[in-house]
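There are structures below to look over.
The same chain A turns up in both complexes below, where it pairs with chain B and then with chain C.
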Partner chain A sequence: MTSAPTQSAPVEPDPTPAGDPPLQRILIATGRVARHAGLPVVIALLVGAVVLLATGNDPIAVYGRLATEAFGTPSRINATLAATTPILFTAIAAAFAYRAGVFTVGVEGSFVLGGLTAAVIGANMGGFPPVVAVILPLLGATLAGGLVAAVPAVLRAVWSVDEVVTTLMFNFIVAGLAGWAVQSFFQERGQANSATAYVAENAELPALAPPGQTSWALIIGLLLLIGYAVWMRRSTLGFEFRAVGSAPRFSTAQGLRVRTVLLTALLGAGLIGGLGGGSHALGIVHRYSEGFSASFGFTGIAIALLARFNPIGILVGAILFGALNAAGATVQLFINLPVQLIDILEGTVMIFAVAVFAFPRLSKRWAARSERRRP
Partner chain B sequence: MLLLSACSGTSSDSPSGSAGGDAALGSAALVVAQGGLGDESYNDLAYKGFQQGLTDNGLEGTPIESDDVVGQGEQILRRAGDEGLGVVVDLEYSHAEVLPTVAADYPNTDWVLVNAEAAGDNVASVLFQEQEGSYLAGALAALQTVNTSDPKINADKVIGVIGGTQSTGIDKFLVGFIQGARDTDPSVKVLTAYSNDFADPTKGQQLAQSMFEQGADIVYAVAGGTGAGVIQAAKDAGHYAIGVDANQDGVAPGSVLTSMLKKTDVAVETVLKSYADGSFPGGTTINLGLAEDGVGLSDFQYTKDAIGQATIDKVDALKQKIIDGDIKVWNVVEQGYPDYYSGN
Partner chain C sequence: MIDAIIASALTLSVPLVLAALGGAIHRRAGVVNIGLEAHMLTGALFGAVVSGATGNWALGALAGLFAGAVTGGLMSLLITRLKGNEIIVGLGFNIVVFGVIGYVLRAGFGVSGTLQIEGLERLPRLDIPGVADVPVLGALISGKDPLFWLCIVLVPVLAWLLKNSRWGVRLRATGASETASSSLGLRTLDIRDGAGIIAGALAALGGVALSLGTVGLFNENMTAGRGYVALAAFYFGRSRPLPTALACVLFGFFDALQIRLQTVGGFSADIISTLPYIAVVVVLALTGIREYSRSARKLS
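After this line comes the complex of A and B, so read on.
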C-alpha cells in the first residue's frame, strides 16, 4: 500500500507532490483552488449581477462597495476575519470527515452544543486563573461537540447506518435540547429571549486588535488548520483517511482500519465543531443565545467542498464567506441593498461548488454507462 | 411618558423649526432583529415607525439586516458609529451587552435599544409591558367564553393561547393572559401550546383547530406570522382568535375578538422625533405599558356588539386598576415563573 488509488475517487483531493518545497506546494495548491473555486464564484457574481440589474442597481458599484466594506480598511478586515472565524472551524470539521468519505452534516449540532457548553462553563469561571478559565470551557465545548457525533459515529462504523440521516437528525435533537436546557436551567433573569448569562471576563478569548472583534479564536482556528494539514499528510491514520475516502472497498481489502477511520472521522468532525462553537461563544458572542449559529455548520460544508478539502482552499473559502457576511450587512448603510442578495450570492456559490465538484464524477458515470451500452 | 408627550403634540408641529436649526443632524439606521424584515410583526412594525419617523422629521436612514445578527452585532454597530450616524435604533435584544461599550466609544451618536435594556448616557432603552395588555386579553376572553348568547361561543369554559417559542419573552405574554383569565374567572381553563415557529401559519392553524376541538372558543396567538393560521382556523371553526403586535382585527372581521397591540412603530417613531427635536431621552429606559399607551387592546371595531358594552366596561375598569397599580401583573422576564405556570 504505497499510494492511494486515484481512479473513480468519490472525494479525492488533488495531492501535491511531497518532494517539492513547501512554498511551491502552497502555490500549486492555491492555483488549483483558484481553478476549482473560481468558476462557482464567477457564476455566483454573474447571477448576482443579473439580480442587481433587474432590481435597478449598478452591479459594479455594488460589488466595489462590498469589496471596500470587506477589505477596505484595517477595521473592515478585522470584521471580515471575525466573521471568518466560526466558518473556518466548521469547514475544517467538514473537510476532516469528508476526506474519509464520510458526509456528515452534523457539525452544526456540534457547534451549537459546544457553544452552549462553553457559555455555561465560561459564565462560572470568575476567579479562576485566566488560562484555565479559557481552557476549561473550550475543553467542555470540544467534548460536547464530540458527544453530539458519538451516536452517528458508532452507528456508521459498526452498523453502516447512513451518516447523512443520523447527523441531520441530531442537529434537530441538539437544537431542541439546547433550547430546553437554556429555558430550564441556564436562562438569565431579565433576558426576554432565550439566552444564558454572559461569560466571566477572564473566560473571554481576548480580541487581537480591540475594539475589533477578531479574537484568539482565529489563532486557534488557524492552528487547527495547520494541524489538519500536517495530520492528513504526515500521519498513518491521515493517510488511511485519504485511502478509505478514495476507495473504501479497496481499503478494506488492503487491511486498512476502515472502522477506525469512519469512527475517527465522525467523532473528529464533532470535536472540531464543538471547539468552534466554544471559540465562538468565548470570542464573539460571549454567551449562548437564540440565533447563536447562523447555520455555520452548513456554510462549512460548502467551504469544504469548494476547497476540495485543501487547507489553503479552506482558508480562502472561509475568508470569502466571512467577507460576504461582514460586508453584506454594513453595505446596507450606503446602498439600499436587501440582505437577500447576499443570500443569493452565497447560495449560488454553494450550489455551483457542489455542482462543479460532482460534475467529473457524473461525466465519468455517464461515460461508464454509455460504454456498457456498447455491444 | 414619552408617548404621552408626543400625543399632546404641542411643541413642534413645524419640522423646519427644529430640524432646520440643527445642521448637525445625522442620518439614522435601524438594525433589524432576528427574523428579518417581512415578518409581518415586530420587525415590520418597527420599520414602519422608522420610515414614518424619517419622513416626518426629514431624516435620511436605512435598515440593516444580517443573517448572523447575533454574532455580527458589534461590528455592524461600530460601522454605524464610524460613519458618524446620528441615531441608531437596534431591535435585537441580544445586543444588550454589546451596545453600551459601542455607545461609549461613539458618544456623538445616539443609540436606542428596543425590547432590552442597555446603559449609557447616549443610550435609550425601550421596554414594553406586554404582560399588561395580555392580562386584559385574558380577562376579556374569560368574560366572553361564558357569553353563550354569542354564536361563536360554546358551552365549555375553555380558552387557549399559542406561543411562538418557549422563552421568557413569549411566556411574559402567556402568563399575563393566564393571570387575567384566572383573576376574572378561576374556573376557566386555559390551554397552552408552542408552535416553535414564528412564520408557519399551517402549524398555527393545526394547533388552533386542536384547541377548538378540546372545547376552546377563543385562542390568543403570540407567534408572529404563525398567528395568521390561528385567525384562519378561528374563521373556519366559527370561533375567535386574538391577534398580537399589530391590529389584526381586520384580517378576518368578526373572527378576531381583539388584538393585543404592542406599538413598536409608535415607539420608534417617537424616539426619532425626540432625536430630531434635540430631546433624545439618553440614559433612560422608556417603559411602555398600558399607562403609556404602548400596549393595549384594539378598539373592538368588528366585535363590539358580540362582546357587549358591559364586558367592555369591565375590561376598561381592569385597565384602570393596572394603571393605578391596584393590580400587579406578573412579569416573567423579571420575576421568573409563577406557581400556576411553569412554562410547559
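After this line comes the complex of A and C, so read on.
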C-alpha cells in the first residue's frame, strides 16, 4: 500500500505549455506569473500604504525611495542581487518539494545547519587547494541540509506521517542544536554574540564585482534553477513529481513510484536548502553567527507559491524580495522608517499568494481568452 | 528548591496552557493554527497598554482578549473565506503581526522593542492563607494569578463542552469531515470562524499572562516561540484539553529547569529548549506508525 499525501500543496501549479518554441514559452510563463503575483503584491503595497499613512508618511515617496534603494545605482543593484541569492536557493527548495504535493516548511532548518556546517568546515580549509576548499564545505552543507530533512522524509514516505508539523518542529530543533553547538564547540574567542570563526580566505566564494557583495553563490543558484527547470520537464522522476503532485491517487493506481517521489521531494528540498545555507556562509557572511538566516526559508516559501513553482517566476520573485530586503536595510538610514515595514509587505504577499479570490466573471473571461489563444 | 521549581513551572505554563487550549479547539474544528504566536503578542501588547492607561489589570486582560479575538477572526476569515492554506496564512500572519507591532512600537511609541508603561497594574497574586507555607502544596496553589485559576477552570469546562454540548459536537463534526457536516446543513465555515476567534482570544490571554504576569512590561520578542510550543503541546495532547494542558505543564517544567540550570551552569539552555519539539516528532511518529500498521492489518 502506498500512501497518498495528507495535506496537498497550497496552490496548484500552472499547467506548463509544451511544444512552443522556448522564447514564446518563457513569455507565456512570464505573463502568467505577473497575473498570479500581481494581485498579492498590489494588496501588500496597499496594506503597507495604510500603515505608512497611519504613521504620517507619504507612501508614494517611501515606495519611490525603496525602488531607488533597490535598483538606483549599480552598487545598489549589486546589493539587491546579493540579497536575492539566499532566497533564490530556498525558493527552489520549496518549489521542488511542492511540485510533488509535499508540503515542507523545513527549508529554514536545512539552511541553518548547512550554513553552520559550511562555516565550520570552511574555517579549517587553510592549506587546501582553492577549488577543493570551496567544494568540501558546500558538500558538507548539502549533506547537513539533507540530514535535517531525513527524519520527516522517512516518516512521510514510509508511514504517511504528516510532514508539515514534523518539518516545522525540526526548524526549532535545528535552531536549538545549532546554538548549542556554536556555544559549546565552535565559538570564536572575543566575539560578543555567538559566532564561529571566519572561513579561510581560499574557501570564500569570490565576489563577482568586488566591492559589492554579490558572489559566485548567485551563479550556483542560477545553475540550480536551470537544473530544476530541466529536471522537472525532461526527467522521468520529474514527470512523476508533477503527476503525484497533481493527482496522487491516480498516480498510485497507475503504479508510479509515489514513495520514491515523496522521499526525493523532502530530501531534495533539504539538500537544496543546505547548499543554499552553505553558499550564503561562504559567499556573503563568511561565518555562522546567531541570526544567520533572516527567515530565508519562509521567504522562499512565499516566493515559490507566488511563482506557482514556475522557474522564471521564482527568479522574478526572488529578485523582488531581494530588492525589498536590500532596500529595507538601507532606507532607514535616510528616512526615519522602521525596517519592519518590509516584514509587513512580505507577510502580506505570503498570505495573499495562497488566497483564492472569487471573481467568477473575471476568471471566466480569462479562461475564454486563453481558450481562444490556444485552440 | 523543589518548591521554587514547581512554582516557576506552573507560572511559566499558564501562557502555554491558554494558547494551547485555543489551538486545540481550532484543531478540533479542523484547522491547524500556526498564528498563535501572533495572537499572543497582540494580547500582550493590548493588555499592557490598556492596563497602563486604566491602571486596572482586568480591563487590560479584557482588552487583550478582544484584540486577540479580532486577530483570530481575521486570520480565520483568510482561511475560510479566501480559502488560503492554513499553514501559509498562519506563517504569513505571524510575520505581518510582528512587523506591524514592531513598526508601531518604533513609529508610534518611539521605542525600539521594549515598552515600559507607567501605571501598569500587574496581575494580582492570590495568596491562600494557611496553605501558603505548606511545602509543595503551597507552591502548587498559593500565590497564583487569576489567569492560573482560569486555566484550572477552563480545562474541565472545555473538555465537557467539547464532549457534550451542541457547540462541541458540531465543532468536532466539522473537524472530522467538513463535507459530511456541511451536507447535514451545518454552517462549517461559521463554526470554524468561531473556533478561530476563540483560539485568538485564548492565545491573547496567554499573551496577557506574559506581559501582566511576571514582568509588567511589553517586549516585541517576549513570546519567544511560545506560540509554537503551544502548537507542540496540542499535538502532543492530541487536541484534548486535559492532556494538552498537562503537556504544557511538562514544557513549562522544562522551561523552569532550563532557567534554574542556567544559574547553576553546566547544562545548555538551547538543548532543553528543543525538548518540546523533539517530543512532538516522537509522538507523531509513534501514532503514525501505529495507525499505519493498524490499517495494514485491516487490509490483509
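FYI, the second predicted complex is superposed on the first by the 342 of 375 C-alpha atoms of A that agree within 3 Å, B and C clash if a C-alpha of one lies under 4 Å from a C-alpha of the other, contacts with A are read in each partner's own complex, and residues count from 1 in each chain.
Here is the rule we use: contacts are C-beta pairs under 8 Å (C-beta built on N, C-alpha and C of every residue); 3 or more make two chains touch, one makes a residue touch a chain.
Note that the coordinates shown come from a computational prediction; the quantities given were computed from them, not determined experimentally.
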- [ ] Determine, for the superposed arrangement built on chain A, whether chain B and chain C clash or fit.
- [x] clash
Open item on the list: Tell me the contact category for A:Ile135 with respect to chain B and chain C: first, second, both or neither.
Closed with: neither
Open item on the list: Once chain A of both complexes is superposed, is A:Asp343 in touch with chain B (first), chain C (second), both, or neither?
Closed with: both
- [ ] Please indicate which partner A:Ile26 is in contact with in the superposed arrangement: first for chain B, second for chain C, both, or neither.
- [x] neither
Task: Partner chain(s) touched by A:Ala67 [first = chain B, second = chain C, both, neither] - done: neither
TODO: In the overlay, answer first, second, both or neither for which of chain B and chain C A:Ala150 touches.
DONE: neither
Open item on the list: Contacts for A:Leu39 in the overlay, against chain B (first) and chain C (second): which applies, first, second, both or neither?
Closed with: neither
Open item on the list: With both complexes overlaid on chain A, does A:Ile219 touch chain B (first), chain C (second), both or neither?
Closed with: neither
Open item on the list: Is A:Ala79 touching anything from chain B or chain C once the two structures are fitted on A? First, second, both or neither.
Closed with: first
- [ ] Could you tell me if A:His286 is touching chain B, chain C, both of them or neither one (first, second, both, neither)?
- [x] first
Task: Shared chain A surface residues [contacts with chain B and with chain C] - done: 179-180, 183, 295, 338, 342-343
TODO: Using the touch definition up top, name the residues of chain A that touch chain B in the complex.
DONE: 69, 75-76, 78-79, 82-83, 86, 179-180, 183, 187, 189-195, 198, 211-213, 280, 284-287, 289-292, 294-295, 325-326, 328-330, 332-333, 336, 338-339, 342-343
TODO: Flag every residue of chain B that touches chain A in the complex, lowest number first.
DONE: 29, 34, 36, 62-72, 74-76, 78-80, 82-83, 85, 93-94, 96-97, 101-102, 105, 115-117, 165-169, 172, 333-334, 336, 343
TODO: Please name which positions on chain C make contact with chain A in the complex.
DONE: 32, 34, 78, 82-85, 87-89, 91-100, 102-108, 225, 228, 231-232, 235, 268, 270-271, 273-274, 277-278, 280-281, 284-285, 288-289, 292, 295-296, 299
- [ ] Mind listing the chain A positions that touch chain C in their complex?
- [x] 1, 7, 10-11, 47, 51, 55, 103, 105, 151-152, 155, 159-162, 164-166, 168-170, 172-173, 175-177, 179-180, 183-184, 295, 298, 301-302, 305, 337-338, 340-344, 346-357
